[in-house]
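Two complexes are shown next, each including subunit A; its partner changes from subunit B in the first to subunit C in the second.
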Partner chain A sequence: MMRVLAANGWTAGLAGLLVLLLVVTKLIQPSFGVSGLDNLARSALPFALATVGMAVVVIAGGIDLSIAAMMAVASVTAAVLMDGAGDGQAVFAVLAVLVVGLAMGALNGALIVVTRVPDIVVTLAMLFVWQGVALLILNAPGGGAAPWLRALAVGGVTLPGVPPALTDWLPRGFVFLAVVVAAIWWPIRRSKLGLMFYAVGSDSQAAYRSGVPVGPVRIAAYAVCGLFAALAGLAVTMGTGIGEPIPGPYLLASVAAVVLGGVVLGGGRGGILGPILAVIVLRLVRMDLTLLSVDPNTAAIIEGLIMVGVVMFGAVLATQGRKT
Partner chain B sequence: MTPAPAPSAALLDATGIAKRFGAVVALRDASLQVAPGQVVALMGANGAGKSTFVKILTGALKPDAGHVRIRGRDSTVASPAGARRSGLVPVYQEPSLIPDLSVADNLRLGDTPVDRFRHWISQLGLPGLRQDAMIRALPLASLRILDLARALAVEPDVLLLDEMTAALPTDLVERVLTVVRAQADAGRSVIYISHRFTEIAAICDRATVLRDGLTVGDVAIEPGIEDRIVEMMLGAGVATAAGTARRIPLPQSVPRLSVRGLATGTRLTDVSLVLRPGEVLGVVALEGQGQDELFDVLAGNRRATAGTVEVDGHPMTFAHPADAIAAGLTLVPGDRAHALLMQRSVRENIALPLLARFGNWGGIPARDERTRVGAAIDRLQIDTRAQGEVRRLSGGNQQKVTIARWIAKGVQTLLLFDPTRGIDIRTKRQIYALVRDLADQGAAVLFYTSELAEVRLACDRAVVIFNGRVVDVIEAADADEPTLMRAAYGLTEKTGLIDKTGLIDKTGLIDKTGAVA
Partner chain C sequence: MTITTTDTPTALSRLGRLMVDNPLLPLSLILLALIGALAILNPAILSVFWVSNTLKIAIPLAMLAACQTLTMLTGGIDLSVGTAATIAAYVTATATPLIGAPAAMGIAMACALAIGMVNGTGIAFARVHPLIMTLGTGLIATGCLLVYQRSVISTGTIYPEVLVWLGTGRTWNLPNGLFLFIPFAALILWAQRRTGFGRLLYAIGSNEAAARLSGVRVWQVHLALYSLSGVIAGLSGLLYLGMVKTASLSLALPLDLPSVAAAVIGGTSIFGGRGGYGGTILGALILTVLATMLTLLQMPEGGRRILYGAIILAVTALYIRLTDHS
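Now for the complex of A and B:
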């Protein structure tokens, strides 16, 4: 019971921190409002989706260093397929990108399971492979995105029959994120597969002895990560309208958010909501530092210190909790 | 000594099982038959191949030869899940529950029928167990019970229990034994692996004995059979080599190390011993009887929950290995990889303890180091182009390095944990001689060994630990293998655990019908 409270307490704490930061932002920049929130949502969306993918793999006891490169492959694939295409073809393009993402992830996982080379080495190697593949598909930023797809993540929510003023403040980016996570992760988490992710991450030996097919479960975790990487890559294209063949700063950001979000590196513990909140917190901190016109280099140092500080604070809380 | 009649329709039938790992032959020709309604004990000394056999039966390993049949169907299975489907469910020595999941989630993971699980968990004495409890938060004894209840809930044809009762308090042991016996009485089968003759006598019908990868015997359990089983586990022709035990009695001096009533709250429950300067004191115990914990406490790796440790007459508590080293106690761990810097040279490894002191971060007195290290290497006859990396040495030479480093430093009390495991006979002899040399120079040596014959070869006396307690102290002259083996299995007068003639009925623990007295 204490443990459940502690686990949810961490997420609640992050939510509190987020609210606090929003208030601070409003104080720094009194004009921060609907458009500011929309900006935040749009910039956070690819980071958040990448973080969810990373969180799944880390929960299952692995890590995927190729996540940003897979995003690049997804982004250029989407942009090339949708360039000048009609709406119907764009739907097909989106589905194709998701399948590509699943396949990339599954390949990462299969290599790790079959070759028994450590995950960190395999995915580091695959980082270069996927980088090359992305540049082969599109050697410079370009391509296009279907307008309806872009509209999914840009602007406020409008519902037919409801006055826009009531719903307009809620950015579509956040709604998109919530829908995607609810549609993909929630069913997995409730299924036996989700349980097996936690089991393999917690103690793969015990999982094996309990009859869990450890290898296939690992591969599935990497495939789910690939799927979220594809969604994140798609989000990049949705945000910019073009395909980006050069991987962005998503790898380290996603690992940082996973750790900050209460997922234990090494596996078995943590959830998805914490890392999502953490990634938004980290984006908001960066935004506030920019608003305060802090030198970007200094800002990076501050972000790093915040991470160490928060994780240390969490460890202190955990030991205190154990003592009482 | 009556051979059990071969069961005609064996529920489980494993025949001619062989398995090798590279050059090491773990199993030559192991077999096991279990008839419906029987509890069969699987026994064997350390290194007999028992754990490899268990892994093959449960599908974690594939045999090189032989077959396993359950209900007549071939089930040389490829995975634990496969073994489960064919009707054999194991409860392993280490709990196979996922620490970060709740009890309920663990049940879901293995498709365990919850109602039957509830039934068994209350039968086994834990009715208050909450389904939402995290496994990580539960004590080890509860986990063993949970594992057993989970196995029983799938109603297996054959239940395999590996050291099921090792971590359990007495009341739970009784419940487990009752339930296990009832399984057999209901026509199912149980393979029961245990070091405890009392339990085997109480619930088993037969015992199958392994030695050196061979099934050497299959006997019915009857009064007085334990002598015969010990004999089978040891085999004929127990070697008698000349020992190194000191011939002249030690002068009565202040003990270097005096341990009283030591307990760790886990496996170690009550150990007392006295170690004098110049003495080599053997420690004999089966796997997991508390010897690891004893050495951990003495080396400062773990704190005791009860009892006292005195060094040269002064009471001590060690908060850190550095405290133990400062008090002159140095541990040579059983796992060489834990003690050595594998990628550094022999010279550096030997020199490290000389340097590793707080307040000594500065220069290394090179000449002094060279002399001491050189002397230690000569003394040990380490076959080495001594500048090479330690990991390139043979296991025996590595072990010598772990001891050499403490000679170079000058040692008062040496704690050796199974120092000769897996090394050749010539190196072993060198190590015995070295240990004796150290003792003759006034060092006190505590020498745990998993090889019973070594007690005679290397020690003056030996304490025997069983179930976390010292059950016997045996002089080297009397320490032949059968005596040590009997003591290690708790078969001594002093414990009062078992009566040599009348078996278990007299202990009043349990009778064969399964009723708890």
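Now for the complex of A and C:
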């Protein structure tokens, strides 16, 4: 009971921090409004989806270092398939990318289970493999994205029958994120599989003895992570309109957001809402640095310092959790 | 190199013993086989010049792989070596016109040491996993390099002559880099077996809790180890600068991944406590010859990365199987 309260308290605290940061942003930049929110949503979308994927794996007691590389594969696959394709074909391209993501994640998980090599080593090796695959598919940034797909994440929400003024402030990026997470993670969380993720993450031996098929559950967790990585890669292509074969700084950002979001490295504890809020907080900090006209490279350093600091803090917490 | 080729557990464990006790023997055989395959692919390529050139290219890789070997002995890894080497090289090249070569190299090495110390601090005190920590430090350091680059964009670059001599010169048909590398390798080989520090690395890698209980101050070892790793990375960056004579912002980054692969191929266990630098040197040579072969076969960059990843995974999986049976 206390743990649930503590976890919710953490999430509530993050939400408070987010509101506070939004107020600060408004103070820095009085004109911050609908377009600013839209910018935030667009820049946060790939990070948030990657973080959800990472959070699922971490909850199940693993870690996936290849997440940024899988995103690159998904991004270039989408861009190459959609380049010059019609709207109908683009739907199939999106589906194909999602299947590719699931397959990549499942392969990561299967390699971990079958070879019995620790997850951190396997996903490090797969990080190189997926990077190579992305480069083979597309050697330099290029390709294209279907206009309707880009429209999914850009601009405000318009609902038929509702006056635009009521819904326009809500960025489509956030709605897209909410819909995707609700459609994929919520059913899993409510099902037996979600419970098994938590069981395997908190104590795989105990889970095994209570009849949980630990191997398949691990593979499933990595597959879900791959699916979200594919969505994140799609979001990159949606945001920029091209495929990006060189992985961005999503690995460290997602680990930092997962830790900041209250998911314990080591598994079994935490939810999805916390990491999503944490990702938005981290993005908002970056945006505020830009608004304060901090040099982008300096902003990158500050962001890196924050992320490393958060991860260090999380590691200290995890060590102490193990001791008690 | 695949697991499926082995037939019985006894043969497997015997092979495992051989690999674990004396990894230099099978590695030498692999190296010879690769050279043989190369000779079949293109008989004209084998010459004194080719051998010397291969050695020259392998030296910076072998030095960076030393960082991986030493950190892997404790069960860690250092993914910031490419960044540290790049920064050392870039700072040397851009600061030499302003303050002269010795001071520039001094500052460059200080930067590399600083990166190593940050890594060491995070790993020793906050107990962050080395992989995440070094990745994060690399990211921050790259940001610092970009900021620095904008402040020196107009100074031009000069490559200190001593580095050019080390990097590109030849003595008796052999690369001058060996003048740096042979003492370096001798020092590492001696240190890993004969000094207290080297033994501590093996002790922590084999069983950190036991090492701690026997009175090892693990944090001191980690701090010293990652600082040393930063210094070695800086040194190889300087050598690499003399070799390629270009100051770019991504100079040594492509060596990051092969350096891990070289150490893993060389028989150093990524879980710690097992392996050594001798195998790593052979691993670096194997990778260099392999790279020549892939160039001959016109394998694209993406294919190479896939191959490196697959090699790391296959070798690690093989080691796990072997140590399970023995």
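One rule holds in what follows: the second predicted complex is superposed on the first by the 294 of 324 C-alpha atoms of A that agree within 3 Å, B and C clash if a C-alpha of one lies under 4 Å from a C-alpha of the other, contacts with A are read in each partner's own complex, and residues count from 1 in each chain.
Convention: contacts are C-beta pairs under 8 Å (C-beta built on N, C-alpha and C of every residue); 3 or more make two chains touch, one makes a residue touch a chain.
Being a predicted model, the structure only gives us computed values, none of them experimental.
Of the two partner chains placed by superposition, only subunit C is touched by A:127; subunit B is not. With both structures placed on the common chain, the touch criterion links A:135 to subunit C but leaves subunit B unconnected. Contacts of A:268 after superposition on the shared chain: subunit B is touched, whereas subunit C is not. With both structures placed on the common chain, the touch criterion links A:116 to subunit C but leaves subunit B unconnected.
If you count the residues of subunit A touched by subunit B and by subunit C, you find the higher number for C.
Look at A:213: by the touch rule set out above, it reaches subunit B but stays clear of subunit C. When the two structures are aligned on the shared chain, A:65 is found in touch with subunit C, with no touch to subunit B. In the superposition on chain A, contact is made by A:307 with subunit C only, not with subunit B. Looking at the shared chain after the overlay, A:290 reaches neither subunit B nor subunit C.
By the touch criterion defined above, A:203 reaches subunit B but does not reach subunit C.
Shared contact residues on subunit A (touching subunit B in one structure, subunit C in the other): none found.
Residue ranges of subunit A in contact with subunit C, taken from their complex: 65, 111, 115-118, 120-122, 124-129, 131-137, 139, 249, 251-252, 255, 295, 297-298, 300-301, 304-305, 307-308, 311-313, 315-316, 319. Residues 1, 3-4, 192, 195-196, 198-199, 201-203, 205-213, 268-269 of subunit A are the ones touching subunit B in the complex. Subunit C makes touch with subunit A in their complex at residues 77, 122, 126-129, 131-133, 135-137, 139-140, 143-144, 146-147, 150, 257, 260, 270-271, 300-310, 312-313, 316-317, 320. Put simply, subunit B touches subunit A in their complex at residues 60, 79-81, 84, 90, 92, 94-101, 105-106, 108-110, 132, 134, 136-137.
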